[in-house]
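Chain naming follows the written order as A, B, C and D, and within any one chain the residues start at number 1.
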Amino acid sequence: MTLQMDKKALQVFLTEHFPQVADDYVVDEVNEDRLVLRLAVDHRHLRPGNTVSRPTLFALADVAVYLAILSRIGPEALAVTTNCAIDFMRKPAAEADLVCDVRLLKLGRSLAVGEAYIRSAGQADLVARAGLTYSIPPKGSKKRG
Amino acid sequence: MTLQMDKKALQVFLTEHFPQVADDYVVDEVNEDRLVLRLAVDHRHLRPGNTVSRPTLFALADVAVYLAILSRIGPEALAVTTNCAIDFMRKPAAEADLVCDVRLLKLGRSLAVGEAYIRSAGQADLVARAGLTYSIPPKGSKKRG
Amino acid sequence: MTLQMDKKALQVFLTEHFPQVADDYVVDEVNEDRLVLRLAVDHRHLRPGNTVSRPTLFALADVAVYLAILSRIGPEALAVTTNCAIDFMRKPAAEADLVCDVRLLKLGRSLAVGEAYIRSAGQADLVARAGLTYSIPPKGSKKRG
Amino acid sequence: MTLQMDKKALQVFLTEHFPQVADDYVVDEVNEDRLVLRLAVDHRHLRPGNTVSRPTLFALADVAVYLAILSRIGPEALAVTTNCAIDFMRKPAAEADLVCDVRLLKLGRSLAVGEAYIRSAGQADLVARAGLTYSIPPKGSKKRG
């Protein structure tokens, strides 16, 4: 399947649709097999103990899978997250960026399933792993539910 | 089981340990059976389409179950989220607070399981439902992993 | 919402469509708010340690939520499970039946979400809790994916 | 980390501890990185529509991750499943065996997390993907909860 959006197009999309957070995220790589999204960790993402907050990890996985779906079906899509299962496995390094590696396991007509592996930059061990399902509304549809 | 922390003690704990977000949350109710946490929704929680962001919903569920566990075992605990499964079911109302209703399904020696039901204030329909597992380290333990 | 299938109709459906397992299950109750499915535990469901196997618990939750959906939308539906998150919390009693209490959290046009609470008959503590999502194909649809 | 149990030892363990189902499963491969478990599909695993039942898929993932943990920590372990999140993505081929490919994402002192990818033998597309958490009781422990 050919890509509908490349790195630059995804980054522009982020800036236009998520201006509050777009500067935090960099699309490091996108191709037919995977997408890699990097989060520049700063003090706003930290919690007591100098660790990255879990909502920050969740958000990273959610945005990364969303972008992977858009890269395949294009920006007009209104995909919405319906489900997420996430395992938090290790404390991230406080001073390092977070890198999220995404694969799409299924891209059906109405449902897409992706998985996201989050690591501290430069480290092999997993910080977290998430599986997310997105509902893709039929084209021309305005309502979701 | 008697409560180790009441509404006021939980609110003080939030202010001390999560100063960045403590003002957003109000413990509406806590007893042996449930805890209700309210999020005062403001513009920082919203996303395009005037909807509350999913990381905000995740954070609400995570904090609420955490406080429910603390209310039972006391503030010295170092419980950490190991797993979350969350279903996003309906778009929250944009102008309403969010109310998160928590029950603990299990409070074992090393694992606690809680569930969180999120609704827009004053509405019956569910916005989201989450199940979370926390690992509770042995007393005196310093390390987790 | 009115029921499309009552206890008797669901039991007949089970016998016709799942003859291998229909005798194991009894629909104890079904109404607009909940469905209760009982599993007559016998030696085929047990594992070493005289405990009910986890696939047996999973199957009970899966069938129970499926029947709850059918009770609302009728037997012609081709709902398929797309996702399940299940927490195993306590060992079931070996000699007791299992009782599964189901509520539907959402019944949308294309997705239904239900939750199932499993207990040993006559006991208050939870053995397991599951959340399941079903995809409901459009009427007249033959293919799913 | 060296293996505590090889293919043959795992197969013997299955026969001793799970005699009802041991003949269905073959450990195709086990090493430090992965374990592959094959299910010989027969009529007992099928449901109407000639498809493999979802409890059969769940059981395959559960057993496979369990064996992967045993291969690392040895047969005296009393690991118990505490949580499973499973996505059902495609209908398995009716006449083909099922192959389950497992990786351990974490093997901590008290918790292990594994993931299982299920495919019909000889096919690339995923039938299902599961993440499972096991609680590992302290050595010498008799009770779990």
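Just a few scattered comments:
The rule is simple: contacts are C-beta pairs under 8 Å (C-beta built on N, C-alpha and C of every residue); 3 or more make two chains touch, one makes a residue touch a chain.
Predicted, not measured: the structure shown is a model, and the values here were computed from it.
Centroid distances from chain C, each centroid being the mean of CA atoms, peak for A.
Taking C-D and A-C together, the pair of chains sharing more C-beta contacts is C-D. Measuring from the averaged C-alpha position of chain A to that of chain C gives a distance of 33 Å.
Chain geometry summary: the mean Cα position of chain C and that of chain D are 23 Å apart.
The multi-chain contact residues of chain D, meaning those touching 2 or more other chains, are 82-83, 85, 87, 89-90, 133, 145. Residues 17-18, 20, 44, 47-48, 53-56, 58-59, 62, 80-91, 144-145 of chain A are the ones touching chain B in the complex. Every residue of chain A that touches chain C in the complex is listed here, in rising order: 82-83, 85, 108-111, 133, 135, 145. By the touch rule above, chain D contacts chain A in their complex via residues 85, 87, 89-90, 105-106, 113, 115, 126, 129, 131, 133.
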